[in-house]
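Attaching a single structure in structure tokens format; questions to follow.
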Amino acid sequence: MLKIGLLGAGRIAGVHATAISAHAGSTLVAVSDYFPENAQKLAAEYGAEARTTDEIIADPSIDAVLIATSTDTHSDLIEAATAAGKAVLCEKPVDLSLERARTCLANSAPTGQPVMIGFNRRFDPNFGAMKAALDAGEIGKAELLSITSFDPAPPPIAYVKVSGGLFRDMMIHDFDMANFMMDEAPVSVMATASCIVDPEIGAAGDVDTAVVTLTYADGRIAVISNSRRAVYGYDQRVELLGSEGLLQAQNMLENTVVKSTTNGVTGAKPTYFFLERYMPAYAAEWGAFVDALTNGADIPVTLSDGIDALAMAEAATQSAQTGMPVKLGDV
Amino acid sequence: MLKIGLLGAGRIAGVHATAISAHAGSTLVAVSDYFPENAQKLAAEYGAEARTTDEIIADPSIDAVLIATSTDTHSDLIEAATAAGKAVLCEKPVDLSLERARTCLANSAPTGQPVMIGFNRRFDPNFGAMKAALDAGEIGKAELLSITSFDPAPPPIAYVKVSGGLFRDMMIHDFDMANFMMDEAPVSVMATASCIVDPEIGAAGDVDTAVVTLTYADGRIAVISNSRRAVYGYDQRVELLGSEGLLQAQNMLENTVVKSTTNGVTGAKPTYFFLERYMPAYAAEWGAFVDALTNGADIPVTLSDGIDALAMAEAATQSAQTGMPVKLGDV
Amino acid sequence: MLKIGLLGAGRIAGVHATAISAHAGSTLVAVSDYFPENAQKLAAEYGAEARTTDEIIADPSIDAVLIATSTDTHSDLIEAATAAGKAVLCEKPVDLSLERARTCLANSAPTGQPVMIGFNRRFDPNFGAMKAALDAGEIGKAELLSITSFDPAPPPIAYVKVSGGLFRDMMIHDFDMANFMMDEAPVSVMATASCIVDPEIGAAGDVDTAVVTLTYADGRIAVISNSRRAVYGYDQRVELLGSEGLLQAQNMLENTVVKSTTNGVTGAKPTYFFLERYMPAYAAEWGAFVDALTNGADIPVTLSDGIDALAMAEAATQSAQTGMPVKLGDV
Amino acid sequence: MLKIGLLGAGRIAGVHATAISAHAGSTLVAVSDYFPENAQKLAAEYGAEARTTDEIIADPSIDAVLIATSTDTHSDLIEAATAAGKAVLCEKPVDLSLERARTCLANSAPTGQPVMIGFNRRFDPNFGAMKAALDAGEIGKAELLSITSFDPAPPPIAYVKVSGGLFRDMMIHDFDMANFMMDEAPVSVMATASCIVDPEIGAAGDVDTAVVTLTYADGRIAVISNSRRAVYGYDQRVELLGSEGLLQAQNMLENTVVKSTTNGVTGAKPTYFFLERYMPAYAAEWGAFVDALTNGADIPVTLSDGIDALAMAEAATQSAQTGMPVKLGDV
């Protein structure tokens, strides 16, 4: 039974606390947070203790930590935890600074401790089934990947300002999804972006609508479309054209009811947002982490994977600003 | 090139006139109607002559007639045309009287002239593809057939009064579809029916909503649901459970556009009524008739098939009135 | 916090144990079973005690019992538990004997203890959304209900022999679904059934394929189709035609992946069986029971509801044997 | 009744001949072709005369010509026909040379003769319904357009060599679709392309897989994905995210049959290629042309529209070669 410390007690930390507690191979022993009362509240719900982050990292009885704190603390905490001999599952992104993330890898790798990055979508059963079909050769060789990823509504402007921008905060999931599906990182990134949903997002220096094209060494192409607003719900689709067919992972719907009236044939909307859509994925993600620690399975999303996605976000940010394509090797 | 006389110049006759003219192997030479001006108008559109029915039947240069007159004239015209050496394609139903239809068969069969009954739905590409998949063994052995057939809106009460009732007028199509899919007629018919759509239909002595269960000698079962009103359009679906799977023929839609808004995900309605839905079927039906006459192919829907469906309608009518099942051999 | 005793420790009892434990308003304190070691095993998983059924019923600290034992014990246990002042949630069916179920109602009603019957499908989010749309008037007045309910594969013959037959064991769920959607019981039941899936089922005196037509006092009609075998999965669909539209609750699918190849466009199968499909429904069912006990909400499925469904099963069994319709008032 | 001359007698000319003949307001009087025997054959089928192109253009009784010859003759024929006082419907593209197309516009505009370019997809009922919904404000303001357009199989290499390349030959349809949906041309074009389907296409100097991003003056974005091979059929989809929803025009399928087996739930493939998919569009296109000539309706796709699409193809070709975005104003 793995003993787990949870760093952070916000909304996503709560999701992880549920997964940690529900898994037969792990138990939540301690929770910390910048606001100790938040840690106490979350810890109480799961029969764990509230402690400081330092106490958790210093506790030799704790096997692994899940880092769900603010992004600017991720690299420091990965380094501290691995140095203390703990395995780490860290929420995305690794960091807003690509350079800092690379230093973090350099510092933590020598410890030999496993570090996994929380790209939860790889564990969605739909995308997982799609990848399995691809790997089984059901559509031959991959050629052209399209990822559609629209949030239902923009985040608060205060969040936008500290988010690192759409590419590092939102599309980073899609960069990782592209790497997952294509089994490697691209060589070049070309971004087109604008602010047409909400002018305040533009005033905050960010974009809300973007299309990024990725080119791969062997000529394959991927295209990612993002919007901060899809009023009908959380639109999360992936499709991949191969030499022998097409695979599509379509949206999950709120229910299966269809109504036919004089107005047409109407079905339910997509599940509203990531907590509804990806709840099973968070549980599966945790299961994969425990499996890696317990049974020696490979870490399915490594710190290097996290850095690849961050580099693509960095390249896309530069490309959107300059209007020119950016080679991934140049960032 | 087959020379064709068209008996009747109403709406469905116009559909047939188009099919006859468009087919490379047939030409429309004459049209008759109870109202001569209707015959003149339709004939003019297609470069044909308006004549009397007797003249058409007496013309030795005419190879075949298509009977699209009122139902009460069908049997007489089939007999007269076959006696005059003409092949016949007659609109459904053969007759409202099962006895008269049987006499018609007895009288026309000795002429050796081919008589086809216009059950157009057998020629719908969707139902045709479904039957082909069944015949190819794609779902193993047929077990349980369900036919859903809803009209968009009830016909005028004046029509209801002379229609012979829902079973002979509307469900007769579904009886033939059941025989088409199951490759034989059932042994027993049980009908449940009521008037819940429009009380005037009940006042006219008819029902507007009905469910009929058919049982086959080998234990297979079919169920047919009819309603005179589906406000969203013409609902025409067939599904068949077999030992190795399920086949469904779904509705044709007006277009493929899907709209996602805060109200849900809305697609187009089914095509509105039989002219929209079955126009390709009427052309294919005519093609099959010409093929039978020209190339010696089998008549795909015989007068006997028409009588089978009529017998089922008769049995269903009795069953709905008595509340008891009726053996097909007893009508 | 309601203290719950669980009678029975089989597969479905395990599902309920999870729901009881996961609910914030209830705790599982004791489990009994005919085989004490089964009770011990299940109790241990949830931190409860294994006891005898008599001990659980006699324990005044236990607020409610969930009866998940074999069907022949349901009536006795409902009577004993209510007599001991406990609320009851009892698995379907109430009993195989309609007479015994009625006596059970007569005996338990005077205690004033709430008794709920576990027709889990009422709590399926899809059927629930469909009923909510109907109640909101979205398709006007209900007219014609169709329920398709196919199991993926027949149960073992040993189970078939003690099941009470397809109507009491399998279609009873659909009878309750009809009553749920139509808001009352029908007046007449007409069943057609046969054994075409597996001759051993027939040899055991049961049928494996059946269609039942229900007629309501106001002319509405419902039709239920059952098969013990749908090789593609658990097929659970409901559709209802109303005066202003059609509602359909379609199948849940294993995932949303669609593959297009030269063979066609292929999506996932329906979830395989009731545990996969209805797991959320079992949790919602338990929540409704707790809500009724705690907050005074109505019991959503009463013992009378259970008897109605059983009476319909009895009528269908008679109808299938005699080939005649059976009035519900006559059973 | 408009008298029409048809220039060209190849496959697409045959499609147009059918549309011209079937329309009540036009009649096909003459056909020409580089190979006179082809003109004779096609003319005979439709009761028209075979003539030379010069004879047709010189015939004052002919009201309009439909140009369906090889692309390199389009500009010359547009100029000659308009100079002779004839209205023109010309197949796409206007020309492979943007400069020549602009000269053609300059030369033909002063004649005042209407010139329409045959972008048939604007007349597809699905895309038409989508545009109508957009124009009706059903999804608010357009923001992000995605066009997926895959051919079922690559054309012969001989064709590839004279086609002008994927952007001028194939994607030009999608450029026009973007202009149709967005109601204006973009300001900038960025193309990514490669040859991964068939190395012979690359050897011929062309690409077979491409993604193009278009940016509009107001910040809107469009993305077009093309592949020369989708083994499952002709994949023609358009989707548009707006401020209040999403519109999608999905594929037309060969039929509506769905088969559920142990292998999954399989529906029909998309209609195979443009003749199957767009046959109704060709008829509607011709109807719109006749309507413009007869009733004074606007020409729905002008020569300027054709030049806009060609300019986008030119820009995309340059962008794919240089890896840099190209401003539309610079080509």
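All chains are identified by letter, namely A, B, C and D, in their written order; residue positions are counted from 1 within each chain.
The working rule: a contact is a pair of C-beta atoms (placed from the backbone, for glycine too) under 8 Å apart; a residue touches a chain by one contact, two chains touch by 3 or more.
Being a predicted model, the structure only gives us computed values, none of them experimental.
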*Return the chain pair with more inter-chain C-beta contacts, choosing between C-D and A-D.*
A-D
*Considering only mean CA positions as chain centres, point out the chain farthest from chain D.*
C
*How big is the gap, in whole Å, between where the Cα atoms of chain A centre and where those of chain D centre?*
41
*Approximately how many whole Å separate the CA-defined centres of chain C and chain D?*
58
*Contacts with 2+ other chains: residues of chain C*: 230-232, 235, 244-246, 259-262, 268
_With touch defined as at the start, can you tell me which chain A residues reach chain C in the complex?_
125-126, 129-130, 133, 138-139, 244-252, 254-262, 268
*Which chain C residues qualify as touching chain D in the complex?*
230-233, 235, 253, 259-270
*Once bound in the complex, which stretches of chain C touch chain B?*
143-144, 146, 148, 150, 188, 190, 192-197, 209-211, 213, 215, 218-221, 223, 225, 227, 229-232, 235, 241, 243-246, 323-325
